[in-house]
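Two complexes follow with subunit A in common, the first pairing it with subunit B and the second with subunit C.
What follows is the complex of A and B.
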């Protein structure tokens, strides 16, 4: 375990080398939030639509924009890099679990983003646009738990893509496709409660909602305390299902591995 | 550099890509899915709220498609080439370009001409045609010519801005983040600009002229006059692209002349 935590620290300190980019990142987040804020103000105004006020949507947008910086989908491009360079061969002979290494390395990046991007962005956004407090204390703790689910699910999906790339040899295409699904079904721009019923029922069956909609909806209290259990149970179910799937793919992928050069 | 040489390079690139035909098709298919995602989210949005700042779904689709189509055209001549410039400067491989007996900019741009944007063109082109037919507009020949001109101009605006960012790598080496920032700014023009304040509208009109890519042309074609610019200025919109591209080219050549190498 200590060894893996070292990878987390290492990834964190690697990121520190790019401190000068922090300002631009903050500016980028600010722009993304501003766009969403203006859109919600334009369509909702001072009233409310389906019981949702503009301030709620602003908080929702801020949470989603910042959450996006923390997610671990990027893991697939790392695997792709070492798959293409052949470096994967030397990763595999090291006496450690490659997937766990990826997870802890990714967490190091997330930790960095949390400290240097998400936290200051939250402050700035709160100052400019205002953020509502969490609905209740229970919802706040549930929100923190939902963040952990979001991290794990985003990691597993990114990892799934990188394993599929062992067959398709085109990680780029696979992550574009998943990007399209995430755009729609994570609800990170348009919350699922605004979806037409048929689309909403599809979105609520997929794992992507945990990477945007679920944490923000819990924070705002739009998922009631009785529903929380159901949402978390399904999230854990997805994690178990994905774990089984990637474990199975992993054993087959390693056997299939073709190193081109390296 | 002659047009003939460009043709030859493109033929070479085509052969290169077709070496991995299935891979190429898979990539194109994936991009279509990714952009379909963007369209669907906006469509779902409008299903709920009917309009965005008074713009209906076909109108937004027209606006978005002009933006995407022109981006694909412009970026195929600039984006990857300019993004890679950073590592070429860092590793010193850029120097190879300077000793070729052709204009380095034209060589870089056409050698890297990116066929990968075919998917963007396909999806945005189809939605563009669909939206025009859906809107049932009584267009005369001059509107069609205007559309073609603004598409060319928009592509040149994109290429010009990306070229300027690329040229910055001669000075600062690292440019990655400027590209990210550019894409963030580009997000603005997916929506009708009046929903943003005057400051943003001015920013996108004067500082980074992205508003001329899709918003002003679309507003003009749809006879929507809630814009900062007066009607007569709308006919000038197609001039912005060539101007922008020329400025980008001059700045890039200036940077390349100043280029000292980054060690490597």
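What follows is the complex of A and C.
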């Protein structure tokens, strides 16, 4: 365990080398949030649409924009890079679990984003646009738990993509597809409650909602306490399912592994 | 008990055909056309604990492929492979604690960490007890002269310095087997010597089994009593360096400087190879009388100024072996 935490620390400190990017990221987040705020203000105005007020949508947008920075989206391109350079050899000859190594390395990046991007952005966005408090204390804790689910699911999906790339040998196309699915079905831009009913029921069956819609909707209290259990149970179900899937794929992918360079 | 046993191993690389352009990349998603290339073909050998084996062969012979399979990062297509009693890719994590690996062409160090920090990280990854770690670190730092740059980040090291650090790293967890894929590539003579001496110590004193690939015959002569020569994925020689020399290099050359024109020298077992003024080069069949004997017999009869005996160096032995292999190939292609 200690050694995996060292990978987290290492990834975190590696990111420090890119400190100059911080301002750019803060600006990027600000603009992204600003645009969404303007859109929702224009669409909803002073009233409400489907029972949702503009302030709620602003909070929803802020949470989603900042959450996106924390997700472990870099996993599959890291594996892809390692495969192309042959660097995967150095990772595989060590007595470590490769996925755990990837997970903790990714968490280091997330931690960095939390400290240097998400937290300051939250402050700025709060000052400029205002953020609603969490619906209840229970919802707040449930929100924190949902964040953890979001991280794990984003990791598993990224890892899944990198394993599928063993068969389709085209990481770019796969991750592009995954990106599209996440953008639409996570509800990060358009919350699932605005989806037409048939699409909403599809989105609520998929794991992507945990990477956007679920944490934000919990924070705002749009998921009732009784529904929480159901949502979490399904999230954990997805995690278990994905775990089994990636484990199985890994045992098969290893046979196809080609370590480049000699 | 064999520490490594390779039994009829074949490794075939499959390369999927790619189509150029954007439409091509979509097409590559659906077509499964591929070409196969056999890098290792029905290969068998076994290595006992404590041996030091040089794994040799021309470019593309399948050496790196074999090393990758033995270290568990590549899965053989066919055949049975056992390292430390288990199948390497299945027991990858367990085996990795007991083997050390150095890829001459690829660094395993953390690029932006100081050398010392890389060592410390290694300690955690391999769960090395502190006392063992300190002891081994001291041993390696001392013998490989790492002290001078132990605080430098890895990216600032010269190739020779980095290679010494890579080798030290591979040994900190006291592996039973050390695999080295071209550990001396691109190093100067002094660095090579230092590494060879160190590896010899590690093999003789610490009883670490060594498997190393190289193109430098001196590495093998100085470290490995046994060599396995492969070509196109198959073993073409497995035995001692001395034996190969005897088999292929059983001719010696003698260069004799005469004081005056000696005329035709009539002596059984010698052949004139070259004539340069008063300097003649002869080849002697070694199996006959000792070379020294022959030279003194010539010296007794002819006006010899100076003589030097040159045994065929191992490089030329290997060159001859590769040439023979190439000729055999050519014959097979023609015939």
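Some notes on this structure:
Assume the second predicted complex is superposed on the first by the 260 of 262 C-alpha atoms of A that agree within 3 Å, B and C clash if a C-alpha of one lies under 4 Å from a C-alpha of the other, contacts with A are read in each partner's own complex, and residues count from 1 in each chain.
FYI, a residue touches a chain if its C-beta (ideal position, glycine included) is under 8 Å from a C-beta of that chain, and two chains touch if they have at least 3 such contacts.
Not measured: the values here are computed from a predicted model.
Applying the stated clash criterion after superposition on subunit A shows that subunit B and subunit C collide.
In the superposed model, A:14 makes contact with subunit C only, not with subunit B.
With both structures placed on the common chain, the touch criterion links A:2 to subunit C but leaves subunit B unconnected. Look at A:87: by the touch rule set out above, it reaches subunit C but stays clear of subunit B. With both structures placed on the common chain, the touch criterion links A:96 to subunit C but leaves subunit B unconnected. In the superposition on chain A, A:39 makes contact with subunit B only, while subunit C stays out of contact range. Legend: residue contacts after superposition of the two complexes on their common chain; A:49 is shown touching subunit B, with no touch to subunit C. After overlaying the two complexes on the shared chain, residue contacts for A:255 are found with subunit C alone; subunit B is out of touch.
By the touch criterion defined above, A:168 reaches both subunit B and subunit C.
When the shared chain is aligned, no partner comes close enough to touch A:119: not subunit B, not subunit C.
Superposing on chain A, the segment of subunit C with clashing C-alpha atoms against subunit B, chosen from 24-32, 258-266 or 294-302, turns out to be 24-32. On subunit A, the surface touched by subunit B in one complex and the surface touched by subunit C in the other have residues 168-170, 172-173 in common. By the touch criterion stated above, subunit A contacts subunit B in their complex at residues 21, 24-25, 27-28, 31-32, 34-35, 38-39, 41-43, 49, 168-170, 172-174, 176-177, 179-184, 189-190, 194-196, 199.
Against subunit A, in their complex, subunit B makes its touches with residues 23, 26-27, 29-31, 33-38, 40-41, 44-45, 47-49, 52-53, 177-178, 180-181, 184-185, 187-188, 191, 195-197, 200. Against subunit C, the residues of subunit A that register as touching in their complex are 2-3, 6, 10, 14, 17, 86-90, 92-97, 168-170, 172-173, 254-255, 257-259, 261-262. By the touch criterion given at the top, residues 13, 16, 18, 25-26, 28-29, 63-65, 68, 71-75, 89, 92-94, 96-97, 99, 101, 103, 105-108, 110, 112-113, 121, 124-127, 181 of subunit C touch subunit A in their complex.
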